[in-house]
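Two complexes follow with chain A in common, the first pairing it with chain B and the second with chain C.
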Partner chain A sequence: MEVNPNSRPHLDLIPLGNLDPLAVSIMGAHLQAVLGLRTQIHPVRSNPEYAFMAMRNQFDASKIIKALATETDGAPFKLGVLQSDLSIPILTYVYGESQLGGKAAVVSLHRLFDIDRQLVYQRAAKIGVHEVGHLLGLEHCWQAGCLMRFSKQLEQLDRLALDFCDACRYEIVRRLKAIS
Partner chain B sequence: MVRMMKVLVVDDEETICVALDAWLSKEGYHVETACSGMDALALLSQKIFDLYLVDIKMPGMDGLDLLARIRELQADATIIMITAHGSIQTAVEAMKRGAADYLCKPFDPETLSMLMERVAATKALRDENVALRGQLMERQEALLDDFVAQSEAMHTILAQIEEVAPSNVPVLISGETGVGKDLVARAIHMRSEHAYGPFVAINCGAQTETLLESELFGHERGAFTGAVKAQRGCLEMANKGTLFLDEVGEISPRMQVSLLRALEEKRITRIGGSQPIEAHFRLISATHRDLRQLMRENQFREDFYYRINVFAIHVPALRERREDIPVLADFFLEKYARETGKPIEGITQKGIGLLMSYPWPGNVRELRNVMERAVVLSRGRMIGAEELCFLQGGGEVCDLGILTLREAEIRYIKAALDTHGGNITKAARQLGIDRVTLARKMKRYHIEKE
Partner chain C sequence: MAEREIKKMVNPNVFGLANDQCVWSRAGVVKPVKCMNAFDCLGCAFDQKVQADFETREREHQAHGTGIDPRPVRLRMLMNQLKCRHMLSGRVTYKLCGHGYNCVQCPYDQMIEDTAFTPRLSAPACDHAAGFDVARDYYYHHHHAWARVEYGGRVRIGLDDFAARMLGPLDGIELPKLGEVVAQSLPQATLRRGNHRAEALSPIDGKVLAVNPRIGAVPEAANRDPYGDGWLMVIQPTNLRKNLKNLLYGDESLAWMDDEATRLTTLLSEETGYRLAATGGEIVRDIFGTVPHADWNRLVRSFLAELRLKRTVS
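== the complex of A and B ==
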């Protein structure tokens, strides 16, 4: 999808804590290329200690999302990225979490590790685009191969293309038009 | 299927409700939440859900109490208990009380996803099962609608069917050919506890003894020449259902011994096989022959007779219950008029008179065929003496069940020519063909016009 770089950004991509900057750049590039969202990468912020759950040694994704959603300046959508492990109180872990049809999402690179860095970047891009798909109001899709399909395991995520099925793509275009 | 599942999350911790709501909503489920057992019951009084995710530890009404209350209100509810690691014992207790599964907090997202998929698949199967059972019930009702009866004799038979169906006893149905013995057998099956099982019918008079043995008991591969693959027999296929042995009087004494053993042991062995196979079924037999007479002639074994004849139903011949003739005729008339799309409204008094005076040697099957023929031949809104004139004198009746197409055509053509005094044009019009075609057929069948 075409993006005009001079227009106001749609999405702020916010690195939280110490993480591979290349992963963030690649994620940003894919958000622009696949979704057509004007994406602005922000300077690195500190780890969101307010969301740290010491007992589980994880960050509470719901608290991070809540905090990002309260930020009124900048782009209408916020996507936080961190290296540390993420979860929500009811689940043992999440790769990412977002508000369905909301404003903020967060993804973690922690569980995407592989000795093949290219694969890690690809996984990060897929998770990032998937979570932003939820921000645009898309639910999980049951179409095989669609990026909005829920991946139970990394192997399933790896099998997905970095693209959407026709129905999801139609919805994305429709919803992007509505917010433009 | 999954997308339409309605889920109720009951947990006193708001964060859990919010998190599950968000997570399941993304999966496409319709989620509602309640923060106490009482709130859940209030919601349940307005609507039902496909799945309940219930926390065990809640202040006031706990998860186990709520589980019992949900089960009272919705017996087929799927309930999954949510528990902390310390209370797994309680979760196991909940499963003994009817919960489908339990999840330990915090859940593994993969486990939750698989569990939800499993519940959705089970629900889809259950819904399909309910739909199929509904269709079966409709068929059952339709089958009983086919019991068109005015006479006391047939009402007695209906009462006997109701009486014997729920039990598992063998039934012997006797009566002349064409009285509807198979209809009685099917009605018993449909009203029995085996209604959801198979109804396997076999005509024992239509095959040789060797073939019948193979049909009944099945055979293993290579059991005899031509047995290129193993085949299940009727007794095996009727397991957990009903086996209907039509024309049981035609079974040879040797075969009766084999059948008797199978009935008593409730297991069979395929021809050429050595492994016994379970065969639990309800046996219904039918015959048009006098089995007692056959016993006297040593053609029917006494022990087999008493084994199959625990409850006897005799279906009287149509001529013995003439009051059924008009209602049966109306029933078939409506059926065939609907099938052929003809606007026939009924039968004239003269037509009824002809039907009532005819002896009906072929019974209800013959009446059915006569009405089918009359509907085909009819050009008006009423079936009258003209369409039924071939019944006069108790003679020529086309029982299509036993005639070849050639014979049936000859009889129809002759009847139409008789009706119109040999006028080919009129006869052709009545038969629904042009006069050239009729003339060609008359020539082919050597039919002279009188």
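== the complex of A and C ==
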């Protein structure tokens, strides 16, 4: 999964609102190093107020995805990152949401907090790579330790390595070839 | 190619019973073989075959008058040990037979069969798929009903966590009468919430032997504890092994539940043109009540079954 720096980026990493820039850089580096996707980090945009749900005091992940997916310029994949809490109608909160085999995904750093910043960065990288895995068309995996496994809570996320099982890795390579 | 033609035999996985060996195997009368009838020995074809073999030997013995006991040596050893069939199956720790293995006439056997209706006090172990609970050792119908094969061959059925959370707390559940016949993939219960109705399909063919006596007064138990107190009824199956082939079990039920969660997320989200996959979080207990634009009929049509007349036979 080597990257040619002169080629057009595969993925636009878009910070939405104020958040730790180092976390975004780390996420971008992991997308490039682990998945082999050429990642371009965009300037910070304003908070997506259009997706705010006052009743739940959270942002609607699906609305943000819909807005990102309508953008036609730039890279074929868009990944939004925000500090605020995200949810979808059926889940009380989400770490991230993605279009399966689609164009846009979004992740939140809100619930990844820990006093150990290293742990926060690791979690951010895992969630980012997991959601982009969905963008490549991968569904949740049942292999223990595979990064595409669904994590209900942070303890489960922390147990995962930043790596895929053989089947998911094979699929990623196959799909990356298809989009290259 | 030859392997493909071999039809894999599906033996029911009995809930909460570690031993899966036929009692005749455990007694040493026949070679090791797995129980194929969920320890419903009195209705088991294999059991009848073994018994018939004993009777044939007995007849031959009487005709020829050899003076040698016609029963197999191991059966005679078993008769000397007097281990009850429920002890051999692992259901009870220790019980000796007092009725010469004539289980039909045995009051202890009757008592054990009767207590099979009593729900287990401990909650079943659950795995999680995309935030939904999936009880271990349960079979799942693709329209979100579960079936739990219990000792003695009866099957307890109910709604799964997905259906329970999707519909939210129910106001009423109409169940069939005792003795009614239900069929796999046909309606077996009507679920009511306000003016809304939905039907739950039966995961297996059979006759209704018991209904949850508390579910009428506390229908929200189906939402609160779908795999435990929220059970709906107990069925005497008529095509158990055939029906189980159509149900999901183990890892495939987890993968299926994950797929259903993705489908539900996509259905309830704004149209993005793609299926959506979310990571993290707890599923809300009442999806229909929480999501403002949720359409009951669409949810029911997509995941349960369209409302239609019950097709049960008395």
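Here, the second predicted complex is superposed on the first by the 180 of 180 C-alpha atoms of A that agree within 3 Å, B and C clash if a C-alpha of one lies under 4 Å from a C-alpha of the other, contacts with A are read in each partner's own complex, and residues count from 1 in each chain.
FYI, a residue touches a chain if its C-beta (ideal position, glycine included) is under 8 Å from a C-beta of that chain, and two chains touch if they have at least 3 such contacts.
Because the structure is a prediction, the values reported are computed rather than measured.
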Clash or fit, chain B versus chain C on superposed chain A: clash
Which superposed partner A:140 touches (first chain B, second chain C, both, neither): both
Touched partner set for A:76, first chain B, second chain C, both or neither: neither
Which superposed partner A:157 touches (first chain B, second chain C, both, neither): second
Touched partner set for A:21, first chain B, second chain C, both or neither: neither
Chain B versus chain C as contact partner of A:111, first or second or both or neither: second
Chain B versus chain C, judged by how many residues of chain A each one touches: C
Chain B versus chain C as contact partner of A:93, first or second or both or neither: both
Overlapping contact positions on chain A, where the chain C interface meets the chain B interface: 62, 87-94, 97, 99-100, 134, 139-140, 142, 150, 152-153
Chain A residues touching chain C - in the complex, by the definition given at the top: 61-63, 65-66, 69, 87-104, 111, 127, 130-131, 134, 139-140, 142, 150-153, 157
Contact set on chain C toward chain A in their complex: 128-131, 165, 251, 254-255, 258-259, 261-262, 264-265, 268-284, 287, 290-291, 294
Footprint of chain A on chain B - complex, ascending: 2-3, 13, 15-16, 18-20, 22-23, 25-28, 105-110, 112-114
In the complex, chain A residues that touch chain B: 56, 62, 87-94, 97, 99-100, 134, 139-140, 142, 150, 152-153
